[in-house]
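Chain naming follows the written order as A, B, C, D and E, and within any one chain the residues start at number 1.
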C-alpha cells in the first residue's frame, strides 16, 4: 500500500510537472508568434526591462499577446473546472458547462443587446456585450437554481436545465427572426467564441471572478468527493445536500458565465478536459482533479488559441474550431484506447 | 389484474383518440389559416372535389398549405421517434436526436455547400441543400456506427457521438471563418429550421424514408422493450446486441437525417416529445410509446408550425422558436408536477 | 432509551406505509428488524437515517429530536450501509472507505495520520485491506459490500444502521461481520440497528428484535423470548418447508408425501445427510428410532414421512419399538446410515438384524464391519448410495405424476 | 454430460482469472458454485451466459459448442438472473416478467394467451402475482429479486443460471425459491447452475457442487461427499466462529475464551438458547453432560469453553461424571436450562442436586416444580435470566480489557 | 421593324462598359433577352406585343409593363428608386424598419409596398394571391433552392440581382440599365449611369498618396478588413486613395477576418480609416467609442490624427450612387478642415 501510494503521488507530481512545462511552453510559443516578428531577446527586453515602451513591438506584446494568452489560460481553466463540476454533479459524461443553459442565456442577452437594444440606444457603453453575456448567464442560472430547489431527481434537473437552454435559444431565434443579415452574422460571430480583443481591465475582472470561484470550488472538494458515492451516502456523511447543490450550480455557472462573457461560448473544452484530466491522473479525487483540470484546460486553451491565430494567419480561426478539431479526436482516441 | 389492465387499455385508447383529435384539429386549423382567407366550404370543395383547379385558392391549399402541414406532421413525428430511440438507447434523458452529431454533420455539409461549393459551381442543381444535409447526417452517423462497434460502454459511446458533433461543428466554424456576412446569415437561417417551401416531391421522399424507418422501428419494438432491462438481460433474451445497436443508431439517424435535410435542425421536439408521450401513457412499452410519440410529435409540430407562420405573419417565426418556447415550459411544468 | 421513535410513520410520497412505530434501543445494544420482503424494513431504516422524509412522528437520539441535529452532527452520530448499488468512477476502495472519515477531516478532507490508521483498521476488520488500491467498480459483489461496511465502520458512529449488511457476503465474512458488530456494540458502546433475513443470525446477534409484517410492527422484544418456530412460520407465512429455530436452519419442503418407501436408520447425526439426499430426489422415507434430543430428529421432523421417536435419556419403549417394526416392514429398502451399534439394549441394532433376516435390501454406509451378507450393499459415500438402482422405484412415475400436479398448482 | 466446459478460462479485459475450468452437469441436475467472496463465481457464471467474453476454452450444451448458437437459440436454452440492479423506467412488474417470454413471442412481442398464462404462473410461483401492476422501481429489494426470478422462470429455459438468487430474499421465499428450482430440475428436467453463499442450502439443494477458491476450482462433486465442516472451514478460511455442516448453521465466534464462569445444564435442545445468549454477552461457560447425539452438543462444541460429553445411547460413565463435577465446582453460577429430569440413573439430575447443596446460585428456567429453595432463582424466559445480576461478573472488566485488546487487533 | 410581332429576330447587343454579370440582346420589335451570368435568361415582351412561339424552355417571359413586382434585393431597390421605377414595386421581403432608402420607406408607409415575409420564408400564400409578375431577389437565394423551387411550382418568375458580384463600382451602377429595360426606364438608367460615371471621371484620379483602410470590428474582437479585390477597395482607388493593405487579397472580393495583431500592424500606419459598420443599428459617432472597443486603436495613426470616417446606415443598400460615394471618399481623404465632416455617405468620427 505504501509503495503504490508513492507510485500514485509520483504520478500526480509527474503529470503536474508535465502540465506546467506544457503551460510554460504554450506561453513561450504564444508570446513568440504572430505577424509581428520579434527576436526572443526583443521580447525579453520588452517584458522584463519594459524596453521600447510605446513601440509597435511593445504594444503588440503588452497590449495584444500578453492579455490574450493570459485570458486563454484563465478562461480555459475556468471553463474546464465548470465542466468538471457539472459532470460530477449530474454523473453524466456529456453534461458540459453549457448544459444548464448558460451559453443560451448569454446568447439570448447578447442577441437582445445587438439586435433590439441597439435600435433604441444609439450609443452603447463599452463592455455592454460582456455585461449582457454575464447577466444572461446569471439569469438562466437563477432559473436553474430555482428549479433545483424543487426538483430532487438529478436527471430531471438536467432536463430542466436543457429546457431552460431551449427557451433561451427560442427567444434568441425570435430576435434573429427580426434581424438583418449583418446582425445575424455579428451574433453568429459572437457565438463562435474568441479570446481576441481582451484587455488588461478584462483580465483583472476575470481573474477575480475565476480565481475566487476556483478557490471556493477547492473548498468544496471534500463534499464533491463524498458526493461521488451517491446522494444517499453523501447525506449520511453530513453533507447538506440542498446547499451543496446550490453552491455547485452557482460556482459552475459563475465560471461558465465569466468565460462566456469574455470569450463567448467555447466548444468542447468543458466536456473533454475533465475527462482528459481524469485519465491523466487516473483518479477522481476532487482535490487533485480540480487543479489538474484547471491546468489542463489552461494549457489546452493556450495552445488552441495559438493555433487559432497562427494557422491561417492573418485570418484567425475561431477558438471552438481548434479546440474541437484537435481535442475531440484526442478524446475519442483516449476512449478507444482505454477500452483495450 | 384484469380490471387494471382494462383501465390501462382504456387509457391508451383515450390518449390515442385525444391525440388523433388533436391532429385533426391541428390539420383543420392549419388548412384554414393563412393570409388568403377561404371559407370552410371552399376548402372542402378544393380538397375533396378538386374544385377550381388552378385558382389562387386551389394553389394555396394544394401547393402551399397541404404539403407544408403534411411535412410538419411527418417530420415532427419522425424526429420525436428518433429522440425516443436515442433516449432509450443511452438511458439518458438529454440524449436527443442530435446527440450523435447528426445535425452538426448536416450543418457541416450544408455549410460546405453554401460557403465553399457555391464559390466554384455557379449553377447548383435543385435539392442540393437537402442532399447535402442528408449526406452530412449519414457521414456523422457512419462515424458513430464505426465507433459503436468498438466502444461497448454506452456512456462512452455517447461521448464519442458528442465529440463527433464537435468535430463537425468545428469544421463548420472553419468555413464560417472564411465566409461573408450573407453566407453566415444564410447558414444561420438554415440552422434555425423551417417547414417552409416543402413541395410534393419532397413529401414523397420523406414519407418513404420516414414511414419505412418507422415501420422498421416498430419491428424493433420487441428488442427495445427487452433492452430497457439493461444490456445484460437483453443479451440473455436472445438479442443480438451488436446488431441491435447498429440498427437503432441507423434508424434514429435516418429519421433525424431526413428531418434535418428537409427542415433543418428543429430544437426541443426530439427531447421533449418522448417524455411527454411517456407521461401521457404512463408506460414505457415501446409498441405503445413509439406510435404515441410519433402522433404526439406530429400534433406538436403541426400546431407549432401553425403558430410559427401565423403569429407574426407575414414574418415567419422559425419552428424551433415555437417548439421550444411553448414546449419547454410545458415539460418543466410536467416534471415539477410529477414530483408532487 | 438511547434511540427511540415516537409515533413514527414512514412511507413514500407522503403516504404512510407503516404508522405508529414506537421502538427503542439502549446504547450499545443491537436492534434487529425482521420481516418478510416488502414489509417495510428498509423504509423504516431509511426514514431513521433521513434518506427518506418521515411522514410523521419523532426520532430521538439521546433524548434529542433528531431533526434538530445539523447534518454534520448526524453524520458523526450515525453511519449507514444501504442496499443501493454505488458505482463511483475511478475511486479506489481506500478512497471509498476514507469518505467515512468525512465528518472528522478538515475542510479539504485531508486525512490525518489517525484517519489513515482508522481507515486501515476498518478495512482490516472486514478483510479488505489488500483491496485498498483496487478500483471499487472492479470488485465482486461481496467485496463491494464489505468495502461499504468498512466505510460505515470507519465513520466511528454512535449508531450504525445497516440494511441487510450480510447480502452477498460469504459465510465467513458473514460470521466475521456479525462478530464485528457485536464487538462494536459491546466494546465501543455503539448502537446497532440493522435488518436481516437470516433469522438464526438475528437471534444469535440481536439484543432486541422488531418483527415487521404487513406494514405494522408485529412484535418487539428479546429474541430468545419472542422468536420460536411458530412465530417465524407465522411472520414469514411459511407453508411449505420449515424453519428450525433451534438449529437456526431451514429445511426445504418435503417432496415425497406418500407412503414411505425407504426406512432409514438414523441417529447421532448420521441420518441427516441421508434424509436430505432422499428428500432431494423426492423419495419418501421413514426413520427411527431416534431419541428426542438427537440432532437427526430435528431434521427428520421436517423431512420424513414418518419419524419414530422416543423420549430422551431412557431405553426405547416396547410401544415405540413396535411402531418402528411396522414402519420398517412396509418399506421396500432400508438404509443403514451407520449409527452407533453399541449399547446393551440397542433397539436399532435389533431392528437392523430383523431387516436383514427379512431379506430387505439394505444400503449401508457403515465403514467398520463389512460382512458381505446377502442383501447388504455397502457404499463409501452418499453420492454413490443415492444413485443406487435400488432407489429407482418403479412407482416413481406415479410419484412424478402426482408431483407434477402439485407443481402445476404452485407454478 | 448435458452441460460441460472444456478448459474454460474466464476473466476480465482479456486477462484470465480462472483457467482450466472443466466442469459439467447432467440434464435436470443442479450445479452449485460455492466459494468465498471474490473467488470468481460470478465471473464463471457470466462467462457461461456470455455476458462476459470468455478468455479461452469451450462451453458445450448438449455436445454442441455454445458459441455456435444464435442469440435466440441461446435465449431459448438459457435464462439468467444476475446481481446487477435494474431500474427500468415506468415498467410494471408484469411487463418485466413478460420480457422473459421474449424468445417465444412473435415479431412484435405480442403475448399470446399462453404466454400470459405462463407469466402469471411464474409470478404466482415466486409469489409476486399481486405485484403484477406495480411499478418495478417501487418494489422492495426482495420483491425486485423475486420479479427477476419470475422473469427467468417464465423464459422456460433448459438451463437456468442464477447468481446468488437468494440475496435479499426472506427465509420463506428462500425456501420456496429453492423448492421451485428443485421442482424445475426434477420435473421439467431443467438444468440449474447457480452460485450460493448459504452452504447449508447448497448442500440441501445441489446435485453437484463446485468449490471455487483463490481463482481455481478447488473441489467438485456431490455435496454429501465433498462438503464437511473441515472443507467449509478451509474453503472460506473460517478462523473465528464455526460452521456446522450437519445443522447447516453458523455459530458466531466464541467471545469468552477464559475459564468458564457459568455451568449450564443442557440437553435435548434446552441448552442451545442459553449458550447463545451467554455467548452474546461474552460470558464463558461450561456445559454438560451431553450425549454425543444431542442437538445441544453441536452448538456447545462451538460456543462452550468446556463441553462434557458422553457417547450416545449409554449411561454416563464415572469418568465423565467426575469431569462434570469438577467443572461445575469451578463455576460461580449454574444455569438449569430445564432439561429432562427423568430416568433412573440421570447424572445431570445428580449434578444439579449437588450444585444446590453446594449453595451455588442456580438460575433456572424450569417450568414445573418451582420449590423455591435457597439459591434457586426462577425465570420465565431467557431474556430475564440473562439480565440477572448474578450474571454481571465483577471480573467482567478484566474480561473487557482483554476483549478490547483483541478487538483493537482485529479492527 | 416595329411591326415585328410574335417572333424573334436578332438586332443588336447592348454595349456595357463595366458590368460583367449580364448581357442584353436586342431583338427586332423591342423584344429583348436578358441573360445573367448565372445562366438564367429573360425575354421582355413590350407592351402590346405577343409572346413569340417555340421559345426555349428556360427562357422566362416577362410581359411588359411590369407593374406588380416583389422586391427582395436592396441594391436593386437603390437602382430602381433612382431610375424612378419604384412604382412597379408592390411587395418586398424586407421589413419597413430595415429599409434605409427613404423612398422605399415612404412607399411602405403609404401602403404602396407590402411586406411579404423574409426572403427565405416568404408568405407563399400572399405571393400566390398577389401574383407578382416578377420577384427580384438577391444572391442569397442561391442558398435557398427550395424557395426558388417553390416559386417555380407556384408559377412565379424570379430574377436574381447579381449587381453585388460586380467588382467595379460602376459595374454595379450599370445594372440600372437592366432594370431600365424591365421597367421601361432605359433613358433614366442611361442617364444615371452617365452621371455617376462623370462624377467618377471628374475626380482627380491622380493618386493623393493617402493610404486608406476599411474595416469592421465585431464584438468579439475580430476585425473584418476589406479585401484588395473588393469593390470598396476599388472605390478607394477611384477616389484617389491607396487601399492600404497593399495587395491584400487582391484577387478576392469581400472581407477577411483578421486577428488583432495583424490588424494592429497593418492599420497602424494607414492615413485614413473607413469604418464600415456591420450592425445597421449601431452607429459610432465618437472616436472615443471606437477606442473603447479596443484601446489599441488609440495608437493608430488615423485615430491619432482624427482621420476616421464611418459609413452611413444606408451604406449597405446604396448602389445607384456609388459615384457620389466615391466622390465622398475623395472629399474625405482630401479635406483639410472640418467643413465636410458630414457627407452624404460618410461622416467623420469626432
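Annotations for the structure displayed:
We adopt the following convention: a residue touches a chain if its C-beta (ideal position, glycine included) is under 8 Å from a C-beta of that chain, and two chains touch if they have at least 3 such contacts.
All values derive from a computational prediction rather than experimental measurement.
Between subunit B and subunit D, the least number of touching-chain steps is 1.
Hopping across touching chains, the smallest step count from subunit A to subunit E is 1.
For subunit D, the chain with the farthest CA centroid is E. Although subunit A and subunit B share one sequence, what matters here is the overlap of their interface residues, and that overlap exceeds half of the numbers used. Ranked by C-beta contact pairs, the top pair of chains is C-D. The chain with its C-alpha centre at the largest distance from the centre of subunit C is E.
Rounded to whole angstrom, the centroid-to-centroid distance between subunit A and subunit B, based on C-alpha atoms, equals 32 Å. Subunit D and subunit E have Cα centroids lying 91 Å from one another.
Between subunit A and subunit D the centroid-to-centroid distance comes to 56 Å (mean Cα coordinates, whole Å).
Counting partner chains per residue, subunit C shows two or more touched chains at no residue at all. For subunit A, residues touching at least two other chains, in rising order: 177-178, 181-182, 185, 189, 192, 315-316. Each of residues 95, 118, 140, 257, 278 in subunit E touches at least two other chains.
A complete list of chain pairs in contact reads A-B, A-C, A-E, B-D, B-E, C-D.
Only residues 12, 35-43, 83, 85, 121-122, 124-125, 138-143, 146, 153, 164, 167-176, 178-180, 182-183, 186-187, 197-201, 203-205, 207, 221-222, 224-225, 232, 236-238, 240-243, 246-253, 255, 267-269, 272-273, 276-277, 279-282, 291-298, 311-314, 340, 342-343, 346, 381-383, 386, 400, 403-404, 407, 410-411 of subunit C touch subunit D when the two sit together in their complex. Those residues of subunit B lying in contact with subunit E across their complex are 34-36, 56, 59-60, 63-65, 114, 118, 122-124, 126-130, 177-178, 180-183, 185-187, 189-190, 194, 196-199, 202, 309, 313-316. Of all the residues in subunit B, the ones that touch subunit A in their complex are 92-95, 99, 147, 150-153, 155-156, 158-160, 162-164, 166-167, 169-171, 173-174, 176-178, 181-182, 184-185, 187-189, 192, 267-268, 271-272, 275, 312, 315-318, 320-325, 327-329, 331-332, 335-336, 338-339. Taken in their complex, subunit E has these residues touching subunit A: 95, 97-98, 118, 140, 217-222, 256-266, 268, 278-283, 285-286, 289, 292-296, 299, 316.
Across the complex, subunit D is touched by residues 1, 4-5, 218-219, 221-222, 225-226, 228-230, 232-233, 235-240, 278, 282-285, 287 of subunit B.
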